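Structures for review follow.
You will see chain A twice below: alongside chain B first, and alongside chain C after that.
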Partner chain A sequence: MSAEIKIVFTGTVGAGKTTAIASVSDRPPVATDALATDDTGALKPTTTVALDYGEMRLPDGDKLRLYGTPGQHRFRFMWEILAKGALGFVILVDNTRPSPLEDLAGYLDNFGPWIERSAAVVGVTHGEYCRGPDLEQYHEFISRREAAHPVMFTDPRQPRHVITLMDTLLAALEFSTASADGAPET
Partner chain B sequence: MRQPKQPPAISKEAAKACDEAIDAMLAAYPDLHGALVSTADGHVVATRLPQGWERGDVAAMASSMTALAESVSQRTALSRCRNVIIEGEGGHITLLKVDRALTLTAVGKPTMNLGLQLSACRSCAEQICRSMDAQADGVASSTGSTRAHR
Partner chain C sequence: MSTINVASANLDPEAARFVHSTVATYLSGAGWNFVSTPDLADILLVDLDTPAGASAWARLDGSRRPVRVAVTADHGRLASALAVGKPLRYSTLLSTLRRAANGEPGAGEVAGGASRFDPGKHLLGVIQGLVAGGRSAVVDHPDHAAVAIDSARRRWAVAGDRPLTPDIFRLPAGAFEMQMGPLPAALDYRPLEELLYRAAWHASNGRLQAGTDLSTPLRLRRWPDFTRVPYRPIHLRMAAYLQGRSATPLTIAERTGAAVSDVHDLLNACRAAGLITEARSESRPPPEQPSAASREGLLARIRMRLLGGAGKPRAGGDR
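Then we have the complex of A and B:
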């Protein structure tokens, strides 16, 4: 019997969450864009204010339900609504922002309780050639938090990049499930 | 009362027009708890909500609710969403798009008739649009430019 797996895409404003879901969704994605009236307008004319939703069928028949969160903190109530029942998180970080590692920390903190029970993968967007942190710095940063989330550069416009992110996430999920199964009882 | 910081895309004059329109609505309909005008992306523009209500949260949630309602409405072939109605045990909340950039949220007491509340909100939204049109006309005539705020 095929399963349905809920994946949540979150991350900074303009990191590419809506684009990533649209890249791989088998059906026209649901988007809730509104005119950006603040600094976001300098990045893009509209911004997600409730959620994005898309679906992706896997070769084995399982279905991924892909939810995107708004990036801004004022929509935090949507983060909590969307995180419920999620089996995995894709955190997209815009590497051109002033403090991408702090941005990442914010999302890891906010989604921490849910990520602890599932898995997360970090996608670094907007260029591996900019002056932002490199992958090693991301790995070090995550290790200092005593976590082991996979990190990779990604282009949300490229379906194969987004699929790689999700393959990695599913592998991390399997690993965390296997680890939990094999863990000695305390 | 401290005035909310205006989002850059909303002029002080537009915010003043919103203030005046919701003041007039609340004066005419005492069975409304309060009202708020917010941008489509969830910033407060003008607010007359009872003390202790978190207006920033209300503005962001109004933005999410209207965007979701618009999506549902279009996906179910109902075309554009005219308004959103939340029926609580203690009254109704109505959300109405003023224009592409602004949303009007009104909170009614249990004694407020829903039809009356919607009618009051439509009138308030029209008043805001008229004021903003008049302001745009004034700017256009002083600069010789054409307007297209909606």
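Then we have the complex of A and C:
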């Protein structure tokens, strides 16, 4: 039996992971939302507690599975489950949060072992004209970590933006020097 | 010699076409020609791996003209100063041809004259001039969008009702008028990098930028924001290749399978946007990964699904 082919969308609460998956999924995405009872409630009424799931059917009939992780750290036990065997990672960062670069660092750290075996692309959401860092600052921040992940401003509601992120991830994977053992057998 | 004629003898048709296109693309502007008659050649590429080629090579022994260049899969012969290996590659072929020309005037120059992309002749040059002088202005054209350039804050916006279309970037620089002074505040300003990238991308038209040294390795400082600027899928591949490694334009074409015109477009756009830096030497190609082949097939299938209309410019649009 072939392993599943999956891309994992992760990132901060409210960054747009659920929306991004819904933008490109062939079927209505499955969401495991619950009422937000903590600080998240100030951002949105519900939040993902286990995972989001969408899929795209490939030309040969295989499915590309799109998983969204819960944003809150208390659900991080789900991260490892979802990350295992992922082809690559789309990290969405809400640029309006107080410390988006620290947020990004957290996800790069937590998913680091899997990203090292695959690739990641960073989508910065909620506008480039807020007081958050610009692309140059994101680039410098990532470079200081001796990494070279592509970073782009992204509107998760726009399917073409999400597709561009995924397409970029594929290009990064193609020339990645990683061993690719995180990728599934096909 | 003022004109350098290059010909081939006994090369298979595909290799001969490769030599022809290399000379036409990169050397014609500097006075090089590809000629079909070996008798007219100043430099003759000879396939040493064929009996006829070896015979032709021997016949020319001792003659001063044409200069012989061996094409061979026998790497033992590559110790010769004037030999290129099979399969032919742009970079080695060009460097060998230049060595064959032995420093004759013009031999080291590539793709000159009208075939080069000169930013100064387009809107890109107008914008770059404003930025270099630290000036802000509304750049106007009677039939196209007016564009506000805020050099101090490195941002731009469409001013007025006419939409921005790619045609504006191909117009001659002299077609624009500039209204200097304070800019309207209530505009939808965007990062200037995006406009510079677009201006070069649309005007470049596959041409090598004037002043480009093909032997200088380049590195992508960071990725273009492809959600905001137009691209074709091959540009993502090239950007990925250049991320974290340096390469000459010809190596980029060889390693990614891109047409040289596509390489020029990406490099011109990234150069205009300030995303390219020069490196001292090329990076060594990374080792092949054991699972790379199976992953490539998977990536190709996913890409096919994502892109649908692959090959067309995507994203960014042209607001």
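We adopt the following convention: the second predicted complex is superposed on the first by the 165 of 186 C-alpha atoms of A that agree within 3 Å, B and C clash if a C-alpha of one lies under 4 Å from a C-alpha of the other, contacts with A are read in each partner's own complex, and residues count from 1 in each chain.
Convention: contacts are C-beta pairs under 8 Å (C-beta built on N, C-alpha and C of every residue); 3 or more make two chains touch, one makes a residue touch a chain.
Please read these numbers as outputs of a predicted model, since none were measured by experiment.
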item	value
Partner chain in contact with A:I163 - chain B first, chain C second, else both or neither	second
Per-residue touch tally on chain A - higher for chain B or for chain C	C
Touched partner set for A:A171, first chain B, second chain C, both or neither	second
Chain B versus chain C as contact partner of A:V93, first or second or both or neither	neither
A:V30 touches, of chain B and chain C: first, second, both or neither?	first
Which superposed partner A:V8 touches (first chain B, second chain C, both, neither)	neither
Touching residues (chain side chain B, partner chain A) in the complex	7-10, 39-43, 56-57, 59-61, 63-65, 67-68, 70-71, 75, 100-101
Residues on chain A engaged by chain C in the complex (per definition of touch)	5, 56-60, 62, 64, 87, 123, 128-129, 134-136, 139, 148, 150-155, 158, 160-161, 163-168, 170-175, 177-181, 183-186
In the complex with chain B, residue positions of chain A that touch it	30-41, 47, 49-51, 70, 72, 74-75, 77-78
Residues of chain C that touch chain A when the two form their complex	189, 191, 221-223, 225-228, 231, 233, 236-237, 239-241, 243-244, 286-287, 289-292, 294-299, 301-307, 314-315
